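To keep things simple, chains are lettered A, B, C and D as they appear, and every chain counts its residues starting from 1.
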Amino acid sequence: MIQHAARVRVRYAETDAMGVVYYANYFVWFEVGRCELLRARGHAYRALESDGVMLPVIDARCEYRAPARYDDDLRIATVGTLLSPVRVEFRYSVTRAGDGATLASGRTLHAAVDRSGRPRRLPEAIQEVFE
Amino acid sequence: MIQHAARVRVRYAETDAMGVVYYANYFVWFEVGRCELLRARGHAYRALESDGVMLPVIDARCEYRAPARYDDDLRIATVGTLLSPVRVEFRYSVTRAGDGATLASGRTLHAAVDRSGRPRRLPEAIQEVFE
Amino acid sequence: MIQHAARVRVRYAETDAMGVVYYANYFVWFEVGRCELLRARGHAYRALESDGVMLPVIDARCEYRAPARYDDDLRIATVGTLLSPVRVEFRYSVTRAGDGATLASGRTLHAAVDRSGRPRRLPEAIQEVFE
Amino acid sequence: MIQHAARVRVRYAETDAMGVVYYANYFVWFEVGRCELLRARGHAYRALESDGVMLPVIDARCEYRAPARYDDDLRIATVGTLLSPVRVEFRYSVTRAGDGATLASGRTLHAAVDRSGRPRRLPEAIQEVFE
């Protein structure tokens, strides 16, 4: 299990007519969270892809507690767990940096596949990242 | 319980560098699905908002089975259920119109609130829509 | 010069905290406009790409006259012009179907390139589409 | 005339099936550029809106020279000019931080309006920001 916290500033593009962030955009921030986590552990996702390993999402969930608003400075705390050599899970907690309020929490499940979409075991070096 | 099927054509904007649709965009199609369901039952979501009723998402989930690709013609089958006067659930199934393949399924849970975000009972006329 | 009109319904995802559609999303509708234009002329952009011809945007512009709002039913009128065997221009006009109000107009310029990004002449069959 | 440079890391969500960033997303980065410029000068756009001043885009343009890719670290150099008490222009240059390559340049024109969309002069304090 590994963890890391990324920061995102809410863009106007991410808000909607309700005056708050549109719900699908939290999943984009989850992407930022897990990529920064891997980068912090020395394995940028871009490098993984160059090596022929892709991690498409096969399950995604988000629970919304309080709305994020334009210009909010957010903290995306991410925890990664290797479930098997071909399954990785990330859990996320989105908090507002200013007051520490928890806005949302979520989870994504990923399959390790090769360029043609077939399951492939994560390289040992990547598996060790999660220890 | 009510149901309806909407159609969406995959936009290039919705794809990503893996050559398939980016996972967060399924939640945008879920929005299309539930709005078209309400419209088909005579209650456009826009009219609900004009009447001071909002239905923000408080929980969202999607399971991905097979990737959607650019230009795919998709069917978003949506089922709506009134869980209580202040809770509505929608369930979705995304299939490719061409071959009927199921690409994803999901669920969103919504709270009925007023303009200031406080819980408010759905108007009777809307509750009856779900019968 | 060829022309066609596509229809789009404004999604909640496309609006922003100002209560209207976020300006970048008009460029997504322009994509819908030009793709439907090509499809109507018998040449889906997907097929072009399968044949190894890509049409990346090299210049894009939009002038905004009046805001589009959630659930608006819009008409994207698109005109395509072959400027040279390696340059295509599309011009767009976005009107609200209900009252015919012009909301925005724009233009995109495209280079014809092969899969590795090198300029390549459009196939004759595609060039003829623009006549 | 004022200037500032913001940084953005390309998200997977921003790429498309061509393997590069989808063209509309540059306009989202332009938003980041101009907001960070105003913040650096002591006037967050959020505060402007709280004071009842909105700056909707009335014209937007982008020229694309070379593609941005997933995970690229980009520099959005932004220059702001007060054209009149009710018109502001921003110009942008997007470069890749690694090699300094210019990827795109653009321009947005903004009208100063009040909450109901009527033209209103920018407050003196904001006008002075552009000097």
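Heads up, the rule we're going with is that a residue touches a chain if its C-beta (ideal position, glycine included) is under 8 Å from a C-beta of that chain, and two chains touch if they have at least 3 such contacts.
Here the structure is a predicted model, which means the values were calculated and not measured.
Undergrad: Which chain has its C-alpha centre farthest away from the C-alpha centre of chain B?
TA: D
Undergrad: When the C-alpha atoms of chain A and chain D are each averaged to a single point, how far apart are the two points in Å?
TA: Centres of chain A and chain D (C-alpha means) sit 26 Å apart.
Undergrad: Measure off the straight-line distance from the CA centroid of chain A to the CA centroid of chain C, and report it in whole Å.
TA: The separation of the two C-alpha centroids amounts to 32 Å.
Undergrad: If you average the CA atoms of chain C and of chain D, how many Å lie between those two points?
TA: The mean C-alpha positions of chain C and chain D differ by 23 Å.
Undergrad: Could you list which residues of chain A touch at least two other chains?
TA: 12-13, 18, 20, 24, 28, 31, 70
Undergrad: Could you tell me which shape the graph of touching chains takes: line, ring, star, complete or other?
TA: Chain contacts: complete, every pair touches.
Undergrad: Would you pull the chain B residues touching chain A in the complex into a rising list?
TA: Going through chain B, the ones touching chain A are 18, 20, 23-25, 27-28, 31, 54, 56-64, 67, 108, 117.
Undergrad: Would you pull the chain C residues touching chain A in the complex into a rising list?
TA: 12-13, 15-20, 22, 24, 69-70
Undergrad: In their shared complex, at which residues does chain A touch chain D?
TA: 9, 11-13, 28, 31-32, 35, 44-46, 70-71
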